[in-house]
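Residue numbering begins at 1 within each chain, and the chains themselves are lettered A, B, C, D and E in the order written.
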């Protein structure tokens, strides 16, 4: 179903949302088996926007290997799966990236014991990587550019990679810096490991949909933008209901449907963004409750702070 | 060799003029091996024919051609007025007219005796089950083992199994019965009980073609003995003549072997 | 049961005074089952002994002890002056002096008849192959199947196989032959050909211990019949005496069963 | 022979159904149509779906740059090589682990099978327990367990470092067992002969020379055995051949090695890892062990059933003829048991080769991990990749099973 | 030579064997120390065994069952044993056994649904009884037929009328077949009946089931396929694969035995291709390619797709088992059926297959064992079989770092299933060998 995904979704009554099999903070199952995490919240926002029900989402766990096939084969409607936006993926794989919900970069983690302070000192090291990701390619590029030798140890998933790293089967663990922090937090003795300062790549992570379905693209894109815009405008899950009734700020009014009919242009209910924000909170709230500094993952906003605060998160205007 | 002591009533065993089986110039090859050569045979209704001959002479092949277990390549076989061609309807018709008993009984081991006997009537003749069972019991009584009806073939002796096989064929009410060495896989004690059954059948006027080396049986019930060798009918005659006064050298040799044995 | 018609020349069959096998107070248990009890037996060179007895009486076990296919636990077995202990050298020596034929022939199916016969001479006696083959052909002629030398055992009839088995043993030029029911797995027609071979062997003065129920054979060639029951030797005597005038109750009972049969 | 010809019957349409000569054809045509239309339907869907995605079936991705690295490899490869070459590396890795697995499982299986039949109660029970434990748990689990046992128990390279290191190398400092793999010394030649480049990969001439000498030595050994046989035929005594044979193989090889200036390059700890020497990576070892331990159980059963299929009478007859147990085994029991064992053995080789595809679970870069993993993922050509993957495995399987049929036929012929 | 004659006057009684050959001593001598080599072997083995046990036993038996997380476990170890040696932290099994066995579907996500897979399994066992044991009442065949529809209902949930309507459609299909076979031969009646049934299901099922459902609503909470996980997933895939593959396998086996050239080659080709490729590639086909081969409107469920491919895989293997069974039947059975005038399909159904299938049961059981073990491969494509679940347990911060305890528990459960089934198949084989025939 290349076109008409939105109709399919509405007919089905559920969104099929592709997530990772388990990346702490972004998407993992809690002890009762429910999905939770940063990416999951965005799926929930979509559910709320379309169906007024944040739980109208089926989570499809995908490995990095089968994610694009699952998407292009229509098994999922949207991929919120820490997927890096690259040229070839956007163009050659016939998928479309509709935004960036997390600005990331590839980093390295090593045991402190090794006495390594920079990635440039990793000549001859064994590196654990998850196969099927851009990290594999960045890694090859980085070491080639610095004419260093290394031994890749490709691993199927984070859990195994972590176990191997802990047992010392590899010297270095590399993945997106965000995940790195999560992994480090979950090691037996986090203080014994060091995340090296180099970020060797740009890893803009964002939702992916099938190429050529503009209506659906718009829904995903603007639902995500509404969360960022909400933070910019000070709309939170706590006050959204109140603000939706109407405020002095026309931007807020337009977005929350008090003025104009933006949601209807997306063929959704007039208060679609209100529902989304109410269900998950704005971008900042999502960040804080899933991966922020108060969580075990403990990520700082960094690049993902709002543009007004020196970060890169920026929503095009709702107008 | 068991000689049956039963006194039989030859007067009952009439041969009518009607033709039951007509074989004209039949030839058959296995690959390039010419196994049946120019067979001509007319069997009248009610006739009881014994076929003898050395091993490999084509006796089994001939009678297996009659109900199309083997296909002949040349010549005609006409059974009960129906020509045996590759037309499946004719084959089906002939097979339900002709019953056959094998050397190794070939009962179905996973079915009871009764089920063995009712299977074909129910599925081929579409007889209601109840009726089929009644018929089956009737024939099982005839072969004198009604009490075994609910046992499985593996629980019966060889002679009993062969009698069940005969009953099974009879349940299809065939007009012609073929026997391919029905007693040669049996222990001597059991041969008699099977032969008795066959004699009884003969008395009732069944048309029978029987490959056998039981010469006592041949003398007693056959009205013709056919001797085959190398795929051809070498000699045929009434039993008395055949045994006492064989014409061909081969027949003499064969008889000397088989009777001396 | 086949009675051999061959007239044999008893004068040739001499028994010397030399002792071939001496068994003293031999006892054997399988677990706690006392299978051989106090066996005492002296066999002179040239003697032909037939061992009879009901099934399970320990006949096979006894003769298998003689070439250490079974181990005895008490008592002595002395074969040709060599005592059978667990010393491997003695065992090897005795085994190459003693030939054995089994009920089920036990030919090696992956080897031709000739290879079956030359295997042991070549590998145990270190005979040159050519010589071994000549010997083998000689013994195959003796058992009257030289023309089968290049066939495989599976292509031979039971009787032929048993004769090959005898030839195979003879190729090792044993001074003593043991037979364990050599004819009991054979069809009646084949029994005679094997017994004939054994009689010929006996005529040549081979020391033989033979477990068999062929009483015709016993009468004809044995100079002693041993009757075993419950693991013990119950009676022994010359054949005529043994058959005509058995002493013990058990022997009488056994004979009545076996001869009446 | 009669020369009458049956009159030609006119053909009627109903004969298609009710004539045994034609009915077979009718049914076959019908079935063929059914199957073809099903295949056409599937293929048509695939073509349309792929066209809709703009991914028509093309194999040119194999020529694109792979840009990923593979550490365990038999031939030269770097990340700038093509996907095609990466696939070749993967294929060779598959064959490598399959070969190693088959050899190890056969050796262990034969030993295990013999021990299983041993009259030592403890040993035979232990082998039985091993068989029951290992074959009733999924092989994937064993592969994980082997991999993690290795990484958890073997020392890390850094533990070899320092004056009072926790771990030390084996065999006179030439073999290092670490949790990243095992490092063996590599053969080096101070007077090398160079390589032959045959396009896809290079073959070292030293290796060819050594191989040639080895083959020559084996042939010489065969000739020697023949001579011994001839002597045995004539005199009955067989001259001892083992030592001469061994010398005929070893001496020339030693001579060539000395001529080429052979020495070993020992692995040394440099930086993070051992350098130099031949490296067998941890995933390779883990996969190899897992597959071997699992497949061995089946081979043990094959050997056991093969030997037990030979009746007890056979060994008794051999004993009665004076053959010793060893000879009995080699001349009587084994030749017969082999006919039962070999077909089972080969089907286990097939299974092991197919199971080696589980490499993907622990990061051994075999065919599935390269072609069906990274290449598929980076290029997005799933249809092409997976079809190729299946075709290659099919070719391997068919080769092995053809060999098996050939063997079965050969054995059948000699039987009767 | 009357010195030869000898008569025993008194029979000897059984005597006890010498002490060295019976009892414990005798046993030890015979089984462990019968020769020098054997004694050495015994000692070496014993040493190996004891050292193996010595290294594993403390880890297993000093482990603890009561803790909330791995770090809690470690605290307890430190407190109890002082040193830094680690023992098993079995608490993870206690904490998460329900997820591993029942998956998320019947454990945490839907509280109190354990009974559904349990009843399903019991139903399957009940259904197998008449097939596996010859002597139980024939009435149980009804259970066999019913469980075919009830098991999926118990696992997937939803309205009972769905499966029941399918059952009705299939019964209708049988009647279509009966009717059609009056006019045409089996080879055509069969496809006609199948197409008819498919059409019935396609058109009639939704309205009929809907109507019945609204009239008499009997519903179970529905469980989406991708939430089915844990051993329930493995067992479900295994059972579906075996049950669904049987008819296909029978057709393939008959095809491969057939004289019809094209039919024979098609069946052979299919069987050889499937047997020639690893299962994992077929699972890739299911999760990656299958979608391409279907019209773009079909919404393919990955679990169902995997089941379809595993079924085809199993069918190829079982076809070979059944072919063995067919080949083992004496030719006389076919001839007797022919001579009685039975048609090809009647003969197959009434005479040949019942016997061939019976001989094949042990082979089918061992195939079931391998399929069941092979279901672990689905973890590679991110389905949550027990191994997949163990991964997500290990990625949870509580149990991060746990390896052996989970693998050990999963291995034991697999072992129990497979071992008991393989024993059963051995028993069955012996039963078939000695059974009266």
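By our rule, contacts are C-beta pairs under 8 Å (C-beta built on N, C-alpha and C of every residue); 3 or more make two chains touch, one makes a residue touch a chain.
What you see is a predicted model, and the numbers here were worked out from it, not measured in a lab.
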item: Partner chains that chain C and chain E have in common; value: D
item: Core chain by centroid distance, with centroids computed from Cα atoms only; value: E
item: Farthest chain relative to chain D (centres taken as mean CA coordinates); value: B
item: Cα superposition angle of chain B on its copy chain C, in degrees to the nearest 5; value: 160
item: Furthest chain, CA centroid comparison against chain A; value: C
item: Whole-Å gap separating chain A and chain C, where each centre is the average of the chain's CA atoms; value: 89
item: Gap in Å, rounded to a whole number, between the CA centres of chain E and chain B; value: 49
item: Length of the line joining the C-alpha centres of chain A and chain D, rounded to whole Å; value: 43
item: Inter-chain centre distance, chain C versus chain D - centres from mean C-alpha coordinates, in Å; value: 51
item: Where chain B touches two or more other chains, by residue; value: none
item: Shared interface positions of chain A, touching two or more other chains; value: 2, 69, 156, 160, 163
item: Where chain D touches two or more other chains, by residue; value: 23, 52, 148, 152, 360-361, 382
item: Full enumeration of touching chain pairs; value: A-D, A-E, B-D, B-E, C-D, C-E, D-E
item: Chain C-facing residues of chain D, complex; value: 232-237, 311, 313-314, 316-324, 327, 331-332, 335-336, 414-416
item: Of all residues in chain B, those that touch chain D in their complex; value: 25, 27, 34, 37-38, 74-76, 85-89, 91
item: Of chain D, residues touching chain E in the complex; value: 17, 23-24, 27-32, 34-35, 42-43, 45-46, 48-50, 52, 118-123, 126, 132-133, 135-141, 144-145, 148, 152, 354-355, 357-358, 360-361, 368, 372, 382-383, 386, 389-390, 393-394, 397-398, 401
item: Sites on chain C touched by chain D in the complex; value: 67-69, 92, 95-96, 98-100, 102, 104, 106-110, 119-120, 122-132, 152, 154-155, 165, 168-169, 172
item: Chain D-touching residues of chain A, taken from the complex the two chains share; value: 2, 64-65, 68-69, 72, 92-94, 113-114, 122-126, 131-132, 136-137, 139-141, 143-144, 150-156, 160, 163-164, 167-171, 211
